[in-house]
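In the part that follows, the structures are each spelled out as structure tokens.
Each of the two complexes below includes subunit A, the first together with subunit B, the second together with subunit C.
== the complex of A and B ==
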């Protein structure tokens, strides 16, 4: 193994993820779910899970299938498992949405959609965890970024387990008292494990490596990196294990979550110092659009932490939890995800199209597959719309929030259009687009190296 | 020293390019051992069984064989040519022709390896968009007898999905050169690459003004 191969199904994961993002933005613009409905309403649950599973998790899975092998310099355990996992996750999400619609009285049938969703999503995520876990386990030594991903995979297992319990309880499949109690008060644990452990912690690990690669910065193995990993892992363990134990023993999970938040802030502060160091130590002075836009995602992450702290101080966290989740999901995770997706698609498309003819014919650069000056306006619109949406959400102006999410939708369409142009090589000069031997990549399926 | 070989339309002839000046001007042919007495190099070539004719040009030696096959003759001829030029012996004994120096400096500083290096410049690191030679990813190029080129190279980061493409691309680029029969590309991560290894031009391109060390 000298280099990772192209992940065959990552493009299909990315396409499915973008469709889910469009769906979520349309829902918000149409006033479906929060803030028009409460955070616990079935409509909001649909919105939240389309974002968390459909958009962010599929995006993360697609990226990990490609980049975990890079992190550990090992081949992916199985390229074959990626497709059934995608099918299971998408059908599981569809069943989950139907189950929530059933809970909201939109569907009259008694089919156990939530139980079906539990099985489908449980199997889908299990395949992902198995595939990535075996890939990680094959490495003789796990570099720090891979250790973050490992913790992230443990957290997604916890998140899915809690989700299955909630779905089975809400669907009436199980009614054990302890699980009813856990479902009643365990939602913040589920959200922390998902948004904090699975999505944020994994993104932290991958970003250490991707930022270093894309900006020509040194790989970090600093004491701050190790401390961020250790403290972050402890904080997540306290939040998830401590929170569940507290809920099952009639305690208050909020205490565990508060303790975890303090640890989480410290871990994020250390991560912030590392990221700052990466940007400052980079050798590539003129960084590309993805790295520039990622900086704004980091700003959103920092703003999210400050916002939680301020709201906790004011005793208004519960009241504004929707606004917090919105900033974490769309400012931090989606901001990072869209920026890196813009680069990753160009990079993987280049490898697939021009890699096989390298040395045989002149090839364009990855940079020739994109037109940054055209794409940057969509990223700016997206970021401004998210921050405007956050402000009006906190100000309690739901109509203006819908205007902001409409702007987000337009920006996302613009970004997706740029990504599609990249994938179809529309930005490459006609003379050098397809030299002899090069083939236009398929849209959703990548050819192997 | 790297000696390229070039196939000729006539399969009984093979051209050797030592990367050094052979004759200052014109050409000089030797049809038998008697004529070869005017040149220490031609003399040694005629000592190889199967060589029937030798012709010198400005930068090449063309050998015609009367028997045997190139598979066996080529290594012997390469050995003679290499040894001759390495010792700095004159190509011709004639005083009038002594302005032809066997040890004359090569057309370019790197000799034929320079051609390999130049060819590798068409292989770009996709992410950085710059050629692998000026990025400092090519650690070593060595030429061996029989048109064998050995390249030792690295990538900017281990496990990079472009690794296999870069390795194959380097082999393709070097292998396309005339006279190159076989290219062996080895990857190494010892030492690990740093931007410090870039050429001054590449550093300027990326805006690196502090030497490039981590």
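== the complex of A and C ==
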């Protein structure tokens, strides 16, 4: 056991992720894709994948490259593989966007962009799964948060596999009947595996550890945590394996997804109880901005579950699926992601800059790298904009939705600006910024020394 | 007459979420020449094999009916008598008593790391620092290695306190 060091490329992942988030917000504000276009329109597909791959997956990969080693107290299997994975994922996303533009008739060339995207994204995610999988496999015993991440990695493999099948079918590369059928009705399975399995389940696992760490609460290995893991895993298996089998045997994947939803609600309720326990059992009474804002992300997650249940009851889920995905992606996943990113960048930058001289010279505290009263305004604007956007989406007011996403864009620019200031140590008083022996960290590459 | 094997059951420690490494090392240190260790664990303790091999023990592991593992660590020929003498720092009795003790359990991260490193900077070569933490110090360990300090750490039997002993400038003498 030698502990964990700084992940070299995580900052580059975070930067690429934020750029994708800006792009998605600009698209929504410009009226590109849903709700102006239908959920299945190429424009919407572009928007959804810029959010899911560009923003959320790159953010998650960057965070996992840093925190999987922390979860299992093992060094990352390979720091080197992280860079080609990033290049493959970004270029794969670009090819995917071009492929969708081709489907929408925006580009005339016959270059097989969707097939290229399949190869690039497939290889990129495979490298991530291999790197993190080997890191997990080196641990003598997986703590519960790491088991959540393991399930999440299986789910991203399933998501990418389905995505590749869809891309090859839509791009005309394959035309086997079964795959055509799967592409026709398998989209909800793909979305559930991605948003539910990969992003939500992994975020749950990592949040158990990060919340405990930053709030000084005991690490949880409670029966409820085990039950959340077990029930959640079964629900995901039912949704993904059950859904695919149903689709291939001319059944209805909706039944598998409904069964999985019930299990998913149970798992999320147990997770909610655990998180409440973490907040209550914390030793640190004054919690920092990231933990306060994360609470609002949890509220969005709970609201998403209630919304799905209500829409199912009213028989309107299909009609409002765009609004559901919006709340899950921007209220829950992005809310959590932005809040934790704000803290993670401060913590990692502090560790990189001052770790080597701790005890040898006076150093600033981590909190000296951030100015919370300024950042909190941007976070409030972001959350209000997302919730307002959700309401006007449900009410069918597309123009007001664009106003809301414009506010989201302004807020995330503000948050990203704060994160940039943190990374450049602009918030630290000049006199104590760089004591002898300390070096200003590079923007996108972290060094070990 | 001592028996051929000292028995050590670390399953309760593991089930309580503890880290039995220190317990095992103490048991190894207490063996009389020629004596082996019979270890019971909840999983096959593969990382331990190489650690104990370097201390002159071969191993025979077998899975029990209930999924637990029984491992026999046998002193290899000739190694039993020479190994402890050749690596005095490797047995915990050889470390001097801590010069300083820190209780960092209630501090906000990364304050425990800050205080621990500050304390090591003020100490002399060969001295030992004892620090109590509320979790495994994953970011501290590489920093200790970089500064050339040796360390030994494990969760206490309560499963919530992580106790680390740091010996200043002793990394050369011991592969942690």
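Observations on the structure shown:
Assume the second predicted complex is superposed on the first by the 446 of 449 C-alpha atoms of A that agree within 3 Å, B and C clash if a C-alpha of one lies under 4 Å from a C-alpha of the other, contacts with A are read in each partner's own complex, and residues count from 1 in each chain.
We take it that a contact is a pair of C-beta atoms (placed from the backbone, for glycine too) under 8 Å apart; a residue touches a chain by one contact, two chains touch by 3 or more.
Since the model is a prediction, treat every value here as computed from it, not as a measurement.
Superimposing the complexes on subunit A yields a three-chain arrangement in which subunit B and subunit C clash. Once chain A of one complex is fitted onto chain A of the other, the partner contacts of A:140 are limited to subunit C, with no touch recorded for subunit B.
Within the superposed three-chain model, A:216 lies in touch with subunit B and with subunit C [touch as defined at top].
Of the two partner chains placed by the overlay, neither subunit B nor subunit C lies in contact with A:84.
Of the two partner chains placed by the overlay, only subunit B lies in contact with A:281; subunit C stays clear of it. Residue contacts after overlaying the shared chain place A:396 against neither subunit B nor subunit C. Once chain A of one complex is fitted onto chain A of the other, the partner contacts of A:356 extend to both subunit B and subunit C.
Note on the superposed arrangement: subunit C collides with the subunit B stretch 181-189, while the other options among 37-45, 55-63, 73-81 or 181-189 stay free of clashes. When both complexes are aligned on chain A by C-alpha atoms, subunit A residues 2-5, 69-70, 73, 212-214, 216, 218-219, 283-284, 347, 350-351, 355-356, 358-360, 363, 365-366 touch subunit B in the first and subunit C in the second. On the side of subunit A, the complex with subunit B involves touching residues 2-6, 66, 69-74, 209, 212-214, 216, 218-219, 281, 283-286, 347-348, 350-351, 354-356, 358-360, 362-363, 365-368, 449. Subunit A makes touch with subunit C in their complex at residues 1-5, 69-70, 73, 140-141, 212-214, 216, 218-219, 221, 283-284, 347, 350-351, 355-356, 358-360, 363, 365-366, 448. Of all residues in subunit B, only 122-124, 126-129, 155-173, 176, 187, 195, 206-208, 212, 214 touch subunit A in the complex they form. Every residue of subunit C that touches subunit A in the complex is listed here, in rising order: 14, 17, 43, 45-47, 106, 108-111, 113-114, 117-122, 134-143, 145-146, 160, 176.
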